Each structure stands twice: as structure tokens, then as C-alpha cells.
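My structure is below; once you've seen it, I'll send some questions.
Letters are used for the chains, namely A, B and C, taken in the order the chains are written, and counting of residues starts over at 1 for each.
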Amino acid sequence: MTGPLLQVEELHKSFGDLEVLKGVDMTLDRGHKTAIIGPSGCGKSTMLRCINYMERPTQGHIHLDGELFGETQSDGAYKPMNEKGLARQRAHVGMVFQGFYLWPHLCARDNIGIGPMKVRGISKAQANELADAMLEKVHMSHKANEFPERLSGGQQQRVAIARALAQQPKLMLFDEPTSALDPELIGEVLNVIQELAEEGRSMVLVTHEIRFAREVADHVIFLHDGVIVEEGPPKQVIDNPQHERLRAFLRQIVEH
Amino acid sequence: MIEDLKGFLSVYAENWHDWGPQIYEAIWVTIQLTIASFSLAVVLGLLLAVGKLSNIGLVRGFCTAYIEIARGVPALAVLFLLYFGLVPLGIVFDAFTAGAIGLGMSAAGYIAEVFRAGIQAIHKGQREAALAVGMTPMMTFRHIILPQAIRIILPPMLNMVILLLKDTSICSLISTDELMLRAKDLAMMSFLPMHLFLLAGAIYFCLSWPLSLITRKIENLMQRGRRQTFGG
Amino acid sequence: MDAFFTKLMTLGGPLLLGAGTTVAITISALLVAVVLGLALALIRLLNIHPLNWLIATYVEIFRNTPVLAQVFIIYFSLPYLGVNINPFPAAVIGLGLNGGAMLTEVFRAGLNAIHFGQREAALSVGMTPWMSLRYIILPQTWRITLPPLGNYAIALLKDTAVVSAIAAPEIMFWARNLVTSTFETTFVYILAALLYFCLSFPLARLVDGFERRQRAWQ
């Protein structure tokens, strides 16, 4: 199919009186990686969560692979999609959360297998096979039978990445995947994400790790107060920032 | 529909001069019964809790057995045993006393567990830390142990009061002249069971609901206090 | 000694029969309470305004009135509305409605104890809200609510004693009848208490064991 993989048009999101996103656009081509950076509260997580309709945008539209996401359109009018249709679309988008959110009542293998089993209706044997393959990708094969509580934060996050991969998603969303981790555990998770990036997967990444964003992404968006202040290739945005706000933000990051 | 309701309510108005004084009197008995049984349960429960942590095997065994039995036998069975079952042995209680003792003995098993949980929840290290900063054992108890224990113990205690208040109704079955029995007697005499049992239910609700609200409020307060204490 | 055993046999028989009814009432009312409590807790999750309010009112009323009053109202008042009801179903309905109110709160606490992120993760892999409830939330809710559910079952077993007041033929009902016919007051009531203990004690051990295992997990 031609055209971009992901298109975000004029995205607005308000929580009550608070407008968190004030009209954001972005385009992502197949195999490309965009990193969204910005100070806390700038709306970057909200933007990511709107892409797979974890949050329903107040205004604006999302297209994934040319298909309108989370809404149906007839005669120019947009209507929210029903839960079944939404679930079907979300199955194409893998999401990795800051808080991992592994399901504590299932072992690592079942955490990965249950989605494909229930959503796509594959057999238990196939689900196990798929889960084991995904665990290998994140170097967690030796912990397949462990329950989340017995895993370190880094290990939990790698299993969560494997869970998202098992959806065989067109697009991967990472919502600050290392922010909840102890410093010594960040590396193992970033390594896994980098390996996925090198496979040519399409991804959108919200992160505080500027150096990592610079290495992995081919496009960086700096979000401030709900608007895109600056964007472009990482070398340009991070090494040669134009906007004063971005410069202040980067200085602060380096100092810490 | 509205007419039906009006008719239903007018029955209360017509009979109130007869029912009112009797019901008031019975409410008072219910409250006394609640207070008496709760007081007994607290005293007995405290003794049992301390006894269960005792070093003397016999005391510990007795208290453990008592708690288990009290938690496993319905209060009604205890009431029947006390009020009717001891008469052949020459032990005779009036219905109020039997009710208060029976409910109190039954509740003591739970209260003991509440106390025990409160005592054990406070880490030994806290006592040692208090002594280390130079507090006397008395000061330690007063300023360190007690405030924390109250936090743990108070909400389940208040719940126990509510439980006992509702449970006093079963004393009607051993003829304690409290609210439920009076309602039942009036219902039989007037042939208006629905009116009187609804009335009784409404009165119990009016007594119990405020207690429930207060308990919930205190539960929330205590929880907030604890979170602050542990810096979570 | 022989006389003691003869007494035990003649009095124990009817009481055992009553114990059967006690167990039957407990299980039936437990079933009603679990279904009702779970359904209402789930409906409250939907946060539909008038329903929310109605359920909360039901819970408050049944939690703040004696179960004996509830059973009396059902048993003596339904005939007043033209519905005749036997003691056994009246007991099951009364205890079940009472338990439904208790368990609504138990299940609600259990459902709320599960972090919202778990649900989001389920939606993100393409599960529908129903699937996330069925495969992710409810299995965990069961595990959290099992100890309070067990404690409720014990309380319910003991509460069945009050339905002797509407002549449901359970342990206390038979005990009272035996006393009027044999005058073995002390013996019969001790036997009755013992019988309840024999029913509830294993249940209490089961709950204790499960609580201990759960604490070990955490």
C-alpha cells in the first residue's frame, strides 16, 4: 500500500477545562521511527495514547495504513467506532507502557500468548509457540514460566515488549518505557528497543532518554504546552536546536 | 399508587398514640443492650488477646479455643444455651442479661482477633527505637504504640458496634423485650406485620446508618494517616 | 454411658437432619448472594447514574438493618401482597438479598484493587472491554475476593440460625422442637452449638490457609 503508515491530523485533547493538545500533526512512513520529547506535562504521553485511542481525541483524526482509526465516516460525518471495531484496530498497534502492566495472574508466556489466543483465536499450542519466539527476541526465554512478581522491572518491561510484538503490529508505541526503571535496568530495555528499530519496525517513542532518541529515531518532535515547537532529524533538532524553549529543555536534561 | 401509599402511611398516624411510647421504650432497650454487650466484648476480647499471646501454654490454649469456638458458633445458639440451656443446672438469667452476656461472649472472639492484629502490626523495632531515644516504657506505650494501635483497631471496633446493634434483634427470640420483639408483638396484636417490621427496619437503619457513615469517614482518615506515616 | 449414647442417637438424628437444611440454605443463599453481588458490582463499574444510586441505596439499606428484620419482612409481608411463601425460599431470599449487599461491596473492592493499567494493556493488545473483564480482571478479582468471600460464607452459615424464627427446619428449629418434647434443654443446645462448630470450623481453617498462602505471595 502506498501513503504513510500513520497520519495524525489536527489532534486536540482536553480534560475538562484543561487543553492538553492544541492541534498536533504528524506523519510516519513505514519502517520509520519518531521520538517525541518534551518536559513533563507537555502532552507527549497523551498524544501517544490518542494514537491508539486509549484516549479519545477531542478533535482531529488518526489514520493508520490509510484507514480511519477509532471512528467511522459516512457522508462526511464522523462517529465513534464501537468497541469491537476499536479492538480489531488496536490489535494492529502494539503499546508498551511506562508501568509495564503485565497481568499478575499469568506467567510470562501466558501474558504474551493470551492476546493472540483470544483476539485472533489461535490455538493454545500456537500461542505458546508464538510466545516462546517473542521471549527469545527480548532475551527472556529462561523466564517463560515465571510470574511477573518474580521478575525485575527491566525483565517485566521486556516481557511487556514481547507481549506487544506478539500482536504482529504494524506500529509500535512506547510510552516512556524506561521511566519507571532503576538506572541499572534501563540499558537492557533500551537494547531490546534498539534491536527492534534495526529490524525496520515502525515506531513512535515517547522518552526522556535524549541520547537514545538521537540514536534510534530518524525524526524527533519537541512538544511544549500541547503544540509542536520544533521537529526534524535528530541531528538537527538535538544537536542544533533553534527554539529557545528546546535549548532550555536540553540544557536541563544534560545537567541531570 | 400515591393513594395506596397515603393509605399505608395513614395506618401509622392512626396507631401512633398506641405504638409510639412502646417503640420508644424498646429502642432504649436495644441501645442499652448494644452498649452492654459491646462493653463486655471489649473487656473479654482484650483479656483473650493478651491471653493468646501469653507464655503459659494452658492460658494460650484456652484463649485460642475460646476464640475459635466463639467465631464458629452462631450468637443465637449461645443465647439459647445461656437462657434456656442452663436452667436445669440452676443457672437462671433474665432475658436482658442473657442477651447481653451471650452477644458479648460471642463478639469477644472477633474483638480478640482485632486487638491481636493491632498489637502484632506494630514492629518490635519501633519500641526499641523509642527506648533508644530515651523514652520510658510508659512513654513508649503512650506516644508510640497506642496511637498506631488505635488507628488499626478503631475501624473494626466501630464495625463491631454496628454488627452488635443489628444482632440485638435476635435477642427477641429469647424474649428480651427489645425493638424486634416489641415490633413482633405489636404486629401479632394489630395484624399489621408489614407496617411494624418495616417500621422496625427503618428504626434500625436510622440507628445504624450514621454509625456506618462515621466509621467510613474514620477509615478513610486512618488510611490517609498511615500513608503519610510510611511515606508511600 | 449407655444412656448417654441412647440420648445422643435419639436427639442427634433430628439435629443432623436440621444440619442438612442449614447447609442447603447456606449454599442456596450463598449462590444468590454471589450472583447478585457480582452483577451489581459490575453494573456499578458502568457508572450509569440512576442505577448507581439505586444499587448504593440497596446496599446501604441491607447492610444497616438486621437480617432478622429482612427475613420477617419477606416472610410475613409477601402474603400481605398476595404472595404465599414457604419458610425455606423466604430464608434463602432474605439471606441472599442480605448477602448480595455485603458482597456487592466485597466485589467492588476487589475490582477496584486491580490497577486500571491492566485493563489498558488488555485493550492495547486488541481485547474488547468484555474480553479484558473476562480474561484479565475477573480472574484476579476472584483471587482477591476469595478470603472475604470465605469469611462471608462462615457468617452466613451462622446467620442461618435466625431463620428458625420463621420455622425453616434447620438446626435451631429442630433444637427448639426437641427441647419442648424431651426437656433435654442443656444437652440439646450444647449439641446444636457443637454441630454449628463442626460445620464452620473446617471452613474457617480453609479461609485461614488461603489467606496465609496469599500473604506468602505478596
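By definition in this document, a residue touches a chain if its C-beta (ideal position, glycine included) is under 8 Å from a C-beta of that chain, and two chains touch if they have at least 3 such contacts.
Only a predicted model underlies this, so the values are computations on that prediction, with no experimental measurement involved.
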{"item": "Chain centroid nearest the full-protein CA centroid", "value": "C"}
{"item": "Most distant chain from chain C, judged by the mean position of its C-alpha atoms", "value": "A"}
{"item": "Distance from the mean Cα position of chain B to that of chain A, given in whole angstrom", "value": "54"}
{"item": "Centre-to-centre distance between chain C and chain A (centres being mean Cα positions), rounded to whole Å", "value": "46"}
{"item": "Whole-Å separation of chain centres (CA-atom averages), chain B against chain C", "value": "20"}
{"item": "Residues of chain C touching chain B in the complex", "value": "60-61, 63-70, 72-73, 76-77, 80, 154, 158-162, 164-165, 171-172, 175-176, 179, 185-186, 188-190, 192-193, 196-197, 200-201, 204"}
{"item": "Chain C to chain A touching residues, read off their complex", "value": "115, 117-118, 120-131, 135-136, 139-140, 143, 217"}
{"item": "Residues of chain A that touch chain C when the two form their complex", "value": "52, 54, 83-84, 87-88, 90-95, 97, 99, 101-105, 114-115, 118-119, 149, 160, 163-164, 166-167"}
{"item": "Residue numbers on chain B that touch chain C, as the complex places them", "value": "68-69, 71-78, 80-81, 84-89, 162, 166-170, 172-173, 180, 184, 187, 193-194, 197-198, 200-201, 204-205, 208-209, 212"}
